[in-house]
Amino acid sequence: MIIAAIDSYLEVAPLAWRDAVVQWCPEPTQWLVHHLITIVAILAVFGTLFAFTPLAERKLLGRLQNRLGPNRSGLPWWQNGPKLWGLTQPFADAVKALTKEDIVPAAADKLLHFLAPVLIVAFSLLTFAVLPFGRHLVPVGLDAALLYFFAAGSATELAIFMAGWASRNKYSLLAAMRALAQVISYELPLILSVVPIVLIAGTLSLQDIVLAQGFWTFGFLPHWFVFTPWGFAGFLLFLVSALAESNRSPFDLPEAESELIAGHLTEYSGFKYALFFMAEYFGLTALSGLGVTLFLGGWQAPCAFLQFIPSWLWFMGKVIGMLLLFIWIRGTLLRLRIDQLTRLAWQFMVPLTLINLGNAAFWSLTAGWTGPLQLVRWGVSLAIIVIPFVLLGRRLSAGRHPRTYRYAAS
Amino acid sequence: MTFALIIISALILGCAAVAMALRNLIHSALLLIGSWAGVAAFYLWAGAEFVAFAQILIYIGAISMVVLFAVLLTRQGDAPEPVEFPSLSRFVTGLIAGGGVAGVLIGAILGMPFDVRTAQSAPALSVKELGAQLMGPHAVSLLVIGLLLTVALLGAVLLASDRRPDQPEDTP
Amino acid sequence: MLGSGIINGLIVTAKNFVGSYHDPKRMVTVQYPEERAKLPENYRNFPFLITENATDPMGTLRCVACQICEKECPPQCIYIEKSKDKKPDATGKPQLYPAVFAIDTSVCMSCQICVEVCPFDAIKMDQVFEVAATDRFTGLLLDREQLAKPNSYFHEIHPTDAAEVDTRLATERQAAEEKAKAAAAAKAAAAAKAAAPKAAVKPAAEGGPTA
Amino acid sequence: MSVSDLSSFTPSSGPTVRAVKDPFHGDLLEVSMGPQHPSTHGVFRMVVTLDGEVVVKLKPVFGYLHRNHEKIAENTTYLGSMPYTDRLDYLCSMTTNWAYALAVEKLAGQAVPDRAQYLRVILAEMTRLVNHSCLVGFLFNDLGTSFTPLLYAFREREKILDLFEALSGSRMMCNFQRFGGCRVDPTPEWLAAASRLVDNYPRFLDEYETMLTANEIMLARTQGIGILDAKLAVNAGITGPCLRASGYNYDLRKVDGYGFYPRFDFKVPLGAHGDTYDRYMMRILEMRESVKILQQAFRDLPGGPVMDPKAKIRGFRPKAGEAYGRIESPKGELGFYLISDGTPNPYRYRVRPPSLINLTLLEEMCLGHTIADSVVILGSVDIVLGEVDR
Amino acid sequence: MESLEQIRDRLLARFPGATVTLVTNPGVAAEHSLLLDAAHGAELALFLRDDPALQLDYCSNATGVDWPDKEITDVKKTTVPDPAGGAPKVVEEKTKHVEPGCLEAVYHLYSMALRHGPVVIRLRTANRSDQVKLPSLTPVWRSCDFQEREIYDLYGIVFEGHRDLRRLLMWEEFKDHPMRKDYVDPDDYEWEPTPHAAVLERAKAHYPVPPAATPPEAPKP
């Protein structure tokens, strides 16, 4: 009984606090205060998450590479006090980013140069408005939430172009073009890999999609979409295009381009550069939030009896898990070349997502099958997606396989 | 509610006007994109969420890129040649053309049966019904548009690919 | 299968990640200022001059300013000026000593050729690597006083090398002493012999007048 | 093959190079991947002319690290030049010392005891492990990983460098060989530690191979890139792993049989395609062969003196004459050509640098590839600027 | 592999116009070499590379050597009968004459195909001042490309027929050739407190000694 009480209280706690504050202020401003608090809450939670993600990245990469990662930045006023395992590193980075000199090149287009970082952070923050953080914690319950998410996400390209163009530097323009080519060519597989979810769930609203994943067979087998053949394939395709969309590891062509210096960020320094950095991490968090909502059951608990833990904890746990997965991939994989990247998008990802769409259609048509037919359904669904994957994979890496070597006779 | 409408229409018309007047081509292109955003805001005000987000996704996401690439690849930099006004005849022909188009547009709008004033209270159409409508009565027009887009896509691919005949498609 | 190579790579890095928590062999870095890696005994950085004891460093320098190391040093960074007078060294023989012995550590590449060619084991390699100086010109130009370190320090940093050098020097000193004693004894014997015939003559002379 | 057609030799098997000026292309972009560049392994500069992404012309520029090592050597004694040879190829100082000592011993007819010969083989093969693990780490850095393979390789390299430090006193500037043997006799503990390290070195190689050799992105980025034709390579004097990657069997350890190499049985790996992937695999397979040689060398290391008792440290005056000694350094054929006129200083001291001559065909290898590939091709050729510019 | 004499005779037979002489190496290594005359250098090299018996397809090393003008005082001992009928006296006349020096390019050729040892060939210029031209062997062996550019840069031998003869190591505007024996290196060093006075004096001529750093001549008592 008590657990249920606590659960219901914790579940609704953020809303209760907000309503308390709203009651407290005068009538005309209540509407405004209501929304302001939601915005401030989101910014606070994801702001600190953004602050600690680079630290987690550097420590995790360090551990991958047999070293410790940052653990030196203790407390500022306590000279040789405890080092706190480097937990105060984000504040040190923030101070560094703020105090660094912000150089604007003379020939740059001042207005666009200033507007680009502002726009890119604004657009990537907009996407947080529709993510269902908890059972009751949905900032804006839109009917076409998924479409809104992609609309806000796709506007970042405009900001990248403005950054590349405004720096008035040949390399940054070249790199901006390359970044646009990458983002545009991976938007199609991103959206197409999500369409099967809409087809099965029958709605564009994210809250309903999470609710559609809310059942457990035998109490501990969740009905998350990722545990279906088309769902798992969709999740992998979503993962790869999310990596490309947010310029992360195997596709970090524009920014880590050792040939074109720092891509469209070459002429930025100080706080503006930190803004671009922040936008990249917000975009990454938003995309992993969407991935969690669509494929991993959003705020649903993995097992029925675990539901007493508040739902927004589940959501945050899964998002952090996705971020760690991205960091892990960054610590291992090599970078693709620009033409291989675009070929992967058009010749491998797009056909696979279309086939996956067909697979989901087959899945929804055969929803009625029960008993042994269930196995047949799974088998056929698996076949529909695995066979093209193997064939396209073979075509993509035609003639490339690890070689065996002969030794000289003499 | 009309107060929001005034702001949105001011935004749309203002951006379009300034875009037309500016010398710097890139700035005017961006202002054009601003006015498209205004149109999206208008849809939101009118309660049609789906159309608004589609507008943002397509216009601001993709078509703006096409416009900016076109501007970049055709003109070198942002130094436009000065536009000269030599003769009255150029002014008159301009006026006639503008007047003709404006007349047709206003005639079409006034002739429409729906009542402009009560637009904002239209019933909020849910996405599911919208989908059903699209797939139901309007399926034919949807397929025609789809066909048109694929043809455009294939045309673009053909146009781009025959530029380098000797470059084999699958270089390592 | 397309992704198998990538998945193997991920598994290897995961093993390293997990290993870094429980497998000391994997964590190779050391927290420098607090923990210090143990330097191997043969480690060499900049040369230093050996003095017999710490009390009177300039008095008991082993170096006899023979300037072999100055000639043999590839980057020519040693500068020696002989002293005018002589002072007795450990074996008592009067030897010259360096009035000025400067090593320009900004030029020295610690190649230890000076140690190899020094016949008197007067210069050995130190193990100091924290030698930051504020001024490029005088900070790194070490003169005789800064270079001289007692033999006990040499035992501390190169135990086996120091022991071997000391035994060799001790045997040489004994040999020198025996030779000196033998020479002294021979001189005494010769003097005695010379004195003996004189004595023989003298008694004869005494015998003569008294007879 | 007459003179004319060789100089205009275009790589027939390489990617097609667009000769005709295509009207659609705008002006070419000349990029100077300058002395300060994250992936040119030191102060090396390539003036690259780009058509969009594709390299059309590539001119290497040298001389940023030129100290005129040969003029210095003419003004110091033979022994005085030995520490400078550490600074030539600062990744493998032991093999460079040995090459110089070999040339001077050939010049002066100096004998070397057996234990010193075995020790030289041991140290040379350990240096080969150090250099190849370095190269493989840097190659993956150029390919875009965020330092993970590089730090795995460095972890192994550090263990070997600690052994060098315990033996010669310095990790990279060993100054260890003398004319007639080695300077210090290794202690039994050192030998035990070294053979223990060598025994579990293959574990590191297996971890590397499972992690990266079958990686799809690695295959896509390196196979078929920077193809080097064997015949052209021989004519251009390319030696070492780059030549063997093109399938030409020429390893000085087998050809010259210098030192005690004929006593060890080891195999020489050969590539088939001569592209960047083959060059990478050559290094991995050569590391496995070096481990075999080391195990045999540790097993039957003889006793006896490490330095020829008659060898003189000071006043070393070889008779007038000249000699050319060469060894198989990890980068290729490293040679020393000495002319002596009876004085303690050499009259002419010439170093044959494998890194510089392996760059002769850099342009032919990079033509037709993108700029991202040219960085990887340069990485696979394995140059060290100390040796290139001397 | 046939001995150098046989190679020389086959070369002379094959190219009657060329002069090929054997240069003996007095050292222990006894690697003798063939001095080819500059005019026919390229054809001789091509023959060495293409001859089926030799197949010297790999030029390992191309080195520049500077032999400056040597002052030779040849002592002629003549026995002069003593007019006064005593024992004949030996009179030494020292006649000093200057033997003209030359710049030399030494090539070490190996055969990778037949795996046999070095054949060393030398090409010498007429003198060290104006006639410093030699035929370039880069068209024959591509490996001499950078090495000949280095010899041109450090010794000043101009190689005709080289694909792209530019300075390899020094910057383009550098005038002199550093590796020549009579090269005087510029003395505008930055001031250094190296105890050796020679460097100090030369540096002082160019740079005022910074007041703060007193040179170590005045040793502390």
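By letter and in written order, the chains are A, B, C, D and E; residue numbering begins at 1 in each of them.
In this text, a contact is a pair of C-beta atoms (placed from the backbone, for glycine too) under 8 Å apart; a residue touches a chain by one contact, two chains touch by 3 or more.
What you are looking at is a predicted structure, and each value in this text was computed from that prediction instead of being measured.
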Listed by label, which chains are in contact with chain C and with chain E? D
Greatest centre-to-centre gap (Cα means) from chain D is with chain B
Chain with Cα centroid nearest the overall Cα mean is chain D
Between A-B and A-C, the pair joined by more C-beta contacts: A-B
Centre-of-Cα separation between chain E and chain A, whole angstrom: 67
Calculate how many whole Å lie between the centre of chain B and the centre of chain D, each centre taken as the average of the chain's C-alpha atoms. 61
Report, in whole Å, the distance between the mean C-alpha point of chain D and the mean C-alpha point of chain E. 27
Touching two or more other chains - residues of chain A: 64-67, 331-333, 339, 397
Multi-chain contacts in chain B, i.e. residues touching at least two other chains, fall at 171
Scan chain D for residues touching two or more other chains and write them down. 148, 152, 155, 211-212, 214-219, 223-224
Note: in the complex, chain A contacts chain C through residues 60, 63-68, 328-329, 331-333, 389-390, 393-394, 396-397
Listed in rising order, chain C residues that touch chain A in their complex are 1-3, 6, 9-10, 12-14, 16-17, 20-21, 26-29, 31
Which residues of chain E touch chain D in the complex? 25-31, 42, 46, 50, 57-61, 63, 65-66, 106, 108, 112, 115, 118, 120, 138-147, 154, 163, 167-171, 178-179
Taking the touch rule as given, give the residues of chain D at its contact with chain E in the complex, in rising order. 1, 3, 6-7, 62-63, 66, 68, 70-71, 106-109, 232, 234-238, 248, 250, 255, 318-324, 326, 333, 335, 337, 339-340, 348, 350, 352, 356-357, 359-361, 389-390
Okay, in this complex, where on chain D does chain A touch? 29, 31, 33, 37-39, 53, 140, 142-148, 151-152, 155, 211-221, 223-224, 244, 249, 251, 254, 267-273, 277-278, 281, 285, 370-373, 375
